[in-house]
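Should a chain be cited, it is by its letter among A, B, C, D, E, F and G, assigned in written order, with residues numbered from 1 in that chain.
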Amino acid sequence: MEYIYASLLLHAAKKDITEDAIKAVLNAAGVEVDEVRVKAVAAALKEVNIDEVIKNAAAMPVAAVPAGG
Amino acid sequence: MSVIEERKIPKWKIDEVASLEEKLKNSKTVIIADVQGFPADKLHEIRKKLRNIADMKVTRNTLFLIAAKRAGLDVEKLEKYISGTNAFIFTNENPFSISILLSKFKLKRYPMPGDKADEEVVIPAGDTGMTAGPILSTFGKLKVQTKVQDGKVHVVKDTLIAKPGDPIPPEAAPILQKLGIMPVYVKLKLKAAYHENLVIPSDQLELNVDQYRSMIAEAARDSLALGVEIAYPVPDVLKITIGRAYTRALAIAAEAGYITPETAQMVLTKAMSKAYAVLSAISGKVDLGVEVPKAIQS
Amino acid sequence: MEYIYASLLLHAAKKDITEDAIKAVLNAAGVEVDEVRVKAVAAALKEVNIDEVIKNAAAMPVAAVPAGG
Amino acid sequence: MEYIYASLLLHAAKKDITEDAIKAVLNAAGVEVDEVRVKAVAAALKEVNIDEVIKNAAAMPVAAVPAGG
Amino acid sequence: MEYIYASLLLHAAKKDITEDAIKAVLNAAGVEVDEVRVKAVAAALKEVNIDEVIKNAAAMPVAAVPAGG
Amino acid sequence: MEYIYASLLLHAAKKDITEDAIKAVLNAAGVEVDEVRVKAVAAALKEVNIDEVIKNAAAMPVAAVPAGG
Amino acid sequence: MEYIYASLLLHAAKKDITEDAIKAVLNAAGVEVDEVRVKAVAAALKEVNIDEVIKNAAAMPVAAVPAGG
């Protein structure tokens, strides 16, 4: 989860989630960075609306089960 | 080897063996089905439904075994399944596919004494077409409300007389016959399949498709869980991972009592839910003039 | 709820939840103390495994309402 | 959670949640007060509409887990 | 579950879930293949709408907590 | 999810989840292998207790999903 | 939430959650660090069993977004 926490930190700090930024954060945390994973995560996150996801995660009523998916 | 003995064998038997041998040679699979006491008309129905997929033949066990030997089957593996009255299903299909196909045919029949219902048995409201007479007392015994109209028995409202699994009251038989209600399923009992030198016994042959469905669901769920856990870098998975990371962060904030505008709701809610839980634990003994919210009481 | 919050505060601080302790906390918060209630709460909580009760409460979904309110 | 319980106690008692008030309550409970945390909590709560939050918290469907567990 | 994962892999790769395909995947994974099970899986999965099942399975984590309690 | 399916296949078969093993399985399924992804998945899985993850996934209530789909 | 994300990142990386470590991570993310908050978070987290909380959080509803969506 390190890569995700780093990305969320950048997001909360209103910074762009770039490969370099993730790497910098991970390095500061003393995490040995795997270039390949950083690339993969940064690329995939470009397609994710993090604000939306967080809003949904927080707003989730207990009973919010989309019946049909 | 006596030539004389062979001559004694009637021609139809020789032809039958030849025909069976031919079928066996042309089929990857032969399935042995128990048809002892199986209704002939239902067997006919099955044969019709299997057309173009499989060829079903009821024949004598001895003739089948001779043909099987000649066709090069490992007869020893089969012998224990060859007793009683059998139908033999020849096909090039996967034997499990045939088994599934057969299990899907809902063949029904009228109940015989001692039968249990395979589906709900409901006597429908309306004109039964039956002449009022002694039959009325049978309806009465079954607790089916009736009235007589123009000399015919009318059922007042839809009435359930047996749930699936219930024994069907024997006295209901004539009524069900008259109304065309067939609540008992007929299923061909498969004993074994012989497929490419493998013998597959019935317990393996009968597949529970739902079980496979739930295995797929389980595998899919585990895969997703693993993908989420390792932040598998595809957007759909990462969405869940992010949601989970965020939820964890909120939970940590709440537990640590770390308040920011973003976490305030979570932190205070958690503290309050603990307070209400304590309040509710002593509410029987102490009146603090505070009501425990209903949701928590339950 | 003041009596409960005071008790939970004591509990979180790993202090005994006595009548005197509750009273001290309530006084410090400027709450006029009702002797009967203090007695009742202190007595009732003696019979309660607060950690257990709290643990169950903690299992309750708490993220149900969006942060922004 | 001591700081939070102290704050909720003050709120329930309709007192202002100031650093001093929190400290007084914590002291009365025998808690060694960490100035920094008191500051942080008091500052953060200033930005929060506690009434609103509490209203939401109480309205939340929290009954998913049987209290008695 | 090897046979199931092999089938899911084929499905995800948009290949037909045939006996031969399952066998090839299992062999590549170093699994000793049981002919009968391969046949059973291939036949059974013909009856299963895998996309549907996956969609429902994916919707699952949403519902960790029962709605009504 | 092909890379995950392949990895769980290997896991179920009690084989080591190496880059080469994943590649072999994917190839057998006719999947064109992305080297970066294989590396990323193999590296990430080293840090995860797969059995634990699966156990937790199974522990989540799943009743929300309509049985028949 | 930056301070929490930074702390969770350190936790995931199996590093001690010290004030200095949090500051380093936040700096790397380009966040202007508030000393009071850093101190408060580091102090508060000392009292929290993060693994336990994370495990319980996992039981909470997590995913509003169906994977297939």
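The working rule: a residue touches a chain if its C-beta (ideal position, glycine included) is under 8 Å from a C-beta of that chain, and two chains touch if they have at least 3 such contacts.
Everything numeric here is computed off the predicted structure, so don't read it as measured data.
More contacting C-beta pairs link the chains of B-E than the other of the two pairs A-B and B-E.
Taking the options D-G, E-F or A-F in turn, the interface that duplicates A-G in more than half of its contact pairs by residue number is E-F. Spacing of chain C relative to chain D, judged by their CA centroids, is 12 angstrom. Chain G has its Cα centroid 37 Å from the Cα centroid of chain E. Chain D and chain G, compared by their mean Cα positions, are separated by 21 Å. In chain B, the residues that reach two or more other chains under the touch definition are 213, 217-219, 221, 223-225, 228-229, 231, 233-234, 237, 239-240, 243-247, 249-251, 255, 257, 260-265, 269, 271, 273-277, 281, 295, 298.
For chain E, residues that reach two or more other chains under the stated contact definition are 1, 5, 8, 53-69. Residue ranges of chain A in contact with chain B, taken from their complex: 1, 3-5, 7-8, 37, 40-41, 43-45, 47-48, 50, 53-54, 56-58.
Against chain E, in their complex, chain F makes its touches with residues 1-2, 5-6, 8-10, 12-13, 15, 21, 24-31, 60-66, 69. Residues of chain F touching chain A in their complex: 36-37, 39-40, 43-44, 64, 66. Within the complex formed with chain D, the chain B residues making contact are 255, 257, 259-261, 264-265, 267-269, 271-277, 280-281, 293-298.
If you check the complex, the residues on chain B that touch chain G are 224, 228, 236-237, 239-240, 243-253, 255-258, 260, 262-263.
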